[in-house]
Amino acid sequence: MPILTADMSAGTLVTWRKKVGDAVKRGDIIAEVETDKGLIDVEVFTGGTIERILVQPGAMVPTGAVLAIIREEAGILPAPPPTISSPPTPAPAAAGRATQAPPQIPTAPGRQRISPLARKLASDLGIDLATLSGTGPGGVIRREDIEHAAAARMDAAPKEQRPSLDRSARFRQAIGAAMARSKREVPHYYLSTTIDMQPALAWLAEENLKQSVTDRLLYGVLLIKAVALGLREVPELNSVWRGAEAVPSPAIHVGVAISLRGGGLVAPALHDTDRRSLTELMQSFSDLVRRARSGGLRSSELSDPTITVTSLGEQGVESVFGIIYPPQVAIVGFGKIVQRPWSVGGEVVSRSVITATLSADHRVSDGHRGGLFLASVDRLLQDPARL
Amino acid sequence: MGARGGPDQARVRGGDAMTKMTYREAIREGLREALSGDPRVFLMGEDVGRYGGSFKVTYGLLEEFGPERVRDTPLSESTFVGAGIGAALGGMRPIVEIMTVNFSLLALDQILNNAATLRHMSGGQLGVPLVVRMATGGGRQLAAQHSHSLEGWFAHIPGIKIVAPATPADAKGLLLAALREPDPVFIFEHATLYAVEGEVDDGAAPVAIGKAAVRRTGESVTLITYGGSLGKTLQAADQLAVEGIDAEVIDLRSLRPLDSAMVLASVAKTHRAVVVDEGWRMCSFAAEVSAQIMEGGFYDLDAPVARVCSAEVPMPYAKHMEDAALPQAATIVQAVHDMLGAHG
Amino acid sequence: MTGEPGLDRGHALDLLRQMVLIRRFEEKAAELYTLGKIRGFLHLYIGEEAVAVGTMQALGPDDNIVATYREHGQALARGIPAGSLMAEMYGKASGCSGGRGGSMHFFDVSRRFYGGHAIVGGGLPIAVGLALADKLRSRAALTACFFGDGAVAEGEFHESLNLAALWKLPVLFLCENNLYAMGTALSQHQAQIDIRRKADAYAMPADVADGMDVLAVEAATRRAAASVRDGDGPFLLELRTYRFRAHSMADPELYRAKQEVEEWKTRDPIARHVARLREAGSLGDPDLTEIESGVAAEVDEAVRFAEAGPWEPVEDLTRHVYAAVTP
Amino acid sequence: MTKEEIKAAVLRALGEVAPEADLTSLAPDIGLRDQLDLDSMDILNFVVGLHAALGVDIPESDYPKLGTLDGCVDYLAAARP
């Protein structure tokens, strides 16, 4: 099958113009072939007689396939079919060089080579860059270098002081240092309110009866969702410090405080808390708890929260005023659900209630705005079906 | 299409001293030197002879050098550019004037498929030592068809060189340098520069093609531009200086080859870059400069590279609309403010 | 038969040999294309041999030649070795363009062969420029510019003929009218199909000749060239010819009837020339056999040269984009 | 299933929820929440574990009955058919 067009790889034999036994000479048309460009004549380049036809009309065969055998006349010996040495496949380096970007200009001495992403993450996690060396090409500091430093910092707070500390003790020490700095530097103000949980708990019990046990919800998820939706009304509480400026973050990622067995606390983020259903939040929350306790959290989950919620109800504490986690600007606390006398429609009854608190950074919001926030959380919890 | 005002009197030229002359006079000086210095040099273009050049650049040259070497052509851009290529193949050193870059579109096949390609495609046998001059840019209320800035298109083509003189000295220096190049050189002369005056050293050597120039040193941001936008960029730098922002201004002078080393060295110092280019933003020449800064100076950047380009619209006629479409000193200052954050 | 009086036998046999060389070279190229040795586009000259060979007799070594992508005939008739042309179609570094141009872009500066040009009409302005340079340098030479009937529809045809006539430049415009612009017959794309008459618009002298008769082509070209060399400015010579093969290797020829092709084949330029020579007693079978075997050997040697040729090292990819040294 | 097999299943479920706890020394009659510091999430996962292992569906109202190890075993023995 001859190559008849620029990009032909196969052809369909349509008709034979010669039959077995016919004599042919150079230049005769012996067949017609259908190609991508249409019907084209097939020319023969040697004289002789057709001995055998191998491909029947209608068959599609790749270029180079033998269509027929021609016994050449003794006299004319055609030039041996030229053997072609295939062009060298271009050495990637050589071919690539012509298309390469200009070489990196060496940075001025003292100027650290660090990716913008790594620089941002380092400032978020409070990692000191001076001591770091990068694993990227040419010693560039990259994201994973910051993550390793953050993880290492978790493991090894200042080593030289107490080399023999076990992991959780060192970890408590690192959290303590961050808390101390936050307490010193951030002008906290504190608000608290008591919220009637009766409608929420009644709705929850009913919901859980309808669900299978694997989809069962905890009341904590309702609290978290109420906080997230409340932030939509007071967005400055959902700000994060970027350098010298508190920037309201467009997304709401509520960090959920999870206590680790044997002491220690982490507050990984439930991403886009306000936009996810209670069931989704429950599954993510359960997953976070499991991974927090098995040390499987990702550094982004640690650095992404835009606010934190802490709950000590299970430990029997009625109200907890948290310390803000930098670079966040607020922390919400929930205590134990207790029975309290509560006036409903002028009549005093016993109701399940909870104390909700807000500790917030006075540079970014004031008590009036904090109060509005707690009021909206309270209002949201009174209509649990719409959470 | 048409010239403004009468011919400017040629200034009296001192010995090797500096002479104050306009951009168009500097080019005329360059053409005169070339024509008298090399018999292979001749000019070709619409109205370059009797009319004296639509921008009065070739005024007086027909009388001085005769119709054989200063040739008015029919309005056949493809053929007189192709003829320029053929004459260069035939051993001449033609200088073809395409009145404005807007009319060069009719000659793009000759420019791309012949001028830029013949040396490579012929395995090195054919060289095309051709110089093409074109007026370019907007800002004179000539509306959409007469105001294009297409440096980005031409600078995309390997095989030719592109220069954009912003000062009278460079207008002459780059022309003389272009005439010594064995490959085609396209000179973009911004139409608003012809009447601008500047010092020109009479005996100056040709300017090296491929070398940018620092027109103003600074520490806090690098403003990169060429040709007709240099004036506005220097104005912006002066305004920023009043606010305590010390801007470095780089005049690229040559677009292909681009002096990336000079640009990257400046960005390594200031860590911020703004590229000013009258082309439309998408696929503009500024996009290439920005990409090279990202590739070559990534770890020196404290902010994304900013580009100040023309609005992506066919150039409107009305003055206030055209001004709004073109880069201005104010838009350059604003770009620097945005980059440094509100409190600058 | 419009041959010259007192036909010179040696010259006539040489014309025949050149036409047979082109024919066999093109047939071998077709064969090598079906084997994948030659790739890309391939536009064969079979049927138009008389035009290339006839016109070349009127051109000297100082004259410039600008041709089109169907330029194998002109290249061979100009004397570029068949081996370097075949190597070029193989893409070898030993090709006449270093393997960079392929079938459509043959160049040989030593023989002032300024190329195959693949942009229809793209070569005309180049030819005008070459002639302009020669005139400015008062160099006694003309520039022969080959183009097809398709190019007549391009703006550059009008611009080039006008500029050449306006400036009285030594350009010999040679229009190889083979009746088809790829798949479009002349009458489908030209209001005025008598191409020669278009020269009147530029006050340019013109002529037409039978492109299937090598002697007629030679005679007409000599007359046209003389007019150009006398400084009368450019000349348009239309040569009416026909290609026996498809436009290119990928053309099922839907646009013309097989009958028409067969009719034109009866005016095969080689067969006509052989018949004429036999009639004049100037050609016997031994002469013909000698020519055929000589050409067969030359074509086989060309294939061996191409097969043996080296590939260009990939490291040279960026060479010749610009001149090696700038001042 | 015998009481012993149920007790083993309960201990396995508790082990998943509090992997680091020492279950061998677990007092059968003292509250599991206090001995193992379990919070409401742990209790929920424990109940889910029992459901998976024993196919028993434990309503929230019955949580108090699972307060101690013995309580669990008795409740589950009664609940399984």
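Letters A, B, C and D mark the chains as written, and numbering starts fresh at 1 in each.
What we mean here is this: a contact is a pair of C-beta atoms (placed from the backbone, for glycine too) under 8 Å apart; a residue touches a chain by one contact, two chains touch by 3 or more.
In this text, all values refer to a predicted model and were calculated from it rather than measured experimentally.
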{"item": "Centre-most chain [mean C-alpha coordinates]", "value": "B"}
{"item": "From chain D, the most remote chain by mean C-alpha position", "value": "C"}
{"item": "Dominant chain pairing [most C-beta pairs in contact]", "value": "B-C"}
{"item": "Between chain C and chain D, centroid-to-centroid distance (C-alpha), Å", "value": "97"}
{"item": "Averaged-CA centre spacing for the pair chain D and chain B, given as whole angstrom", "value": "83"}
{"item": "Distance between the centres, which are taken as Cα means, of chain C and chain B, whole angstrom", "value": "41"}
{"item": "Distance from chain B to chain A - Cα centre to Cα centre, in angstrom", "value": "47"}
{"item": "Residue list for chain D, restricted to those that touch at least two other chains", "value": "none"}
{"item": "Interchain pairs in contact, sorted by label", "value": "A-B, A-C, A-D, B-C"}
{"item": "Partner chain C, residues of chain A touching it in the complex", "value": "2-6, 8, 26-27, 35, 37-40, 43, 45, 63-64, 79, 81-85, 87-88, 90-91, 94-95, 97-98"}
{"item": "Chain B partner contacts - residues on chain C that touch it in the complex", "value": "64, 66, 95-101, 105, 107-109, 114-115, 117-119, 122, 124-134, 136-137, 143, 155-156, 158-160, 162-163, 166-167, 319-323, 326-327"}
{"item": "Residue ranges of chain A in contact with chain D within the complex", "value": "205, 208-209, 212-214, 216, 218, 220, 259, 261-262, 285-286, 289-290, 293-294, 314"}
{"item": "List of chain A residues in touch with chain B within their complex", "value": "101-105, 107-108, 111-116, 140"}
{"item": "Residues of chain C touching chain A in the complex", "value": "27, 30-37, 39-41, 90-91, 246, 249-252, 254, 300, 303-304, 307, 311, 313-315, 317-318"}
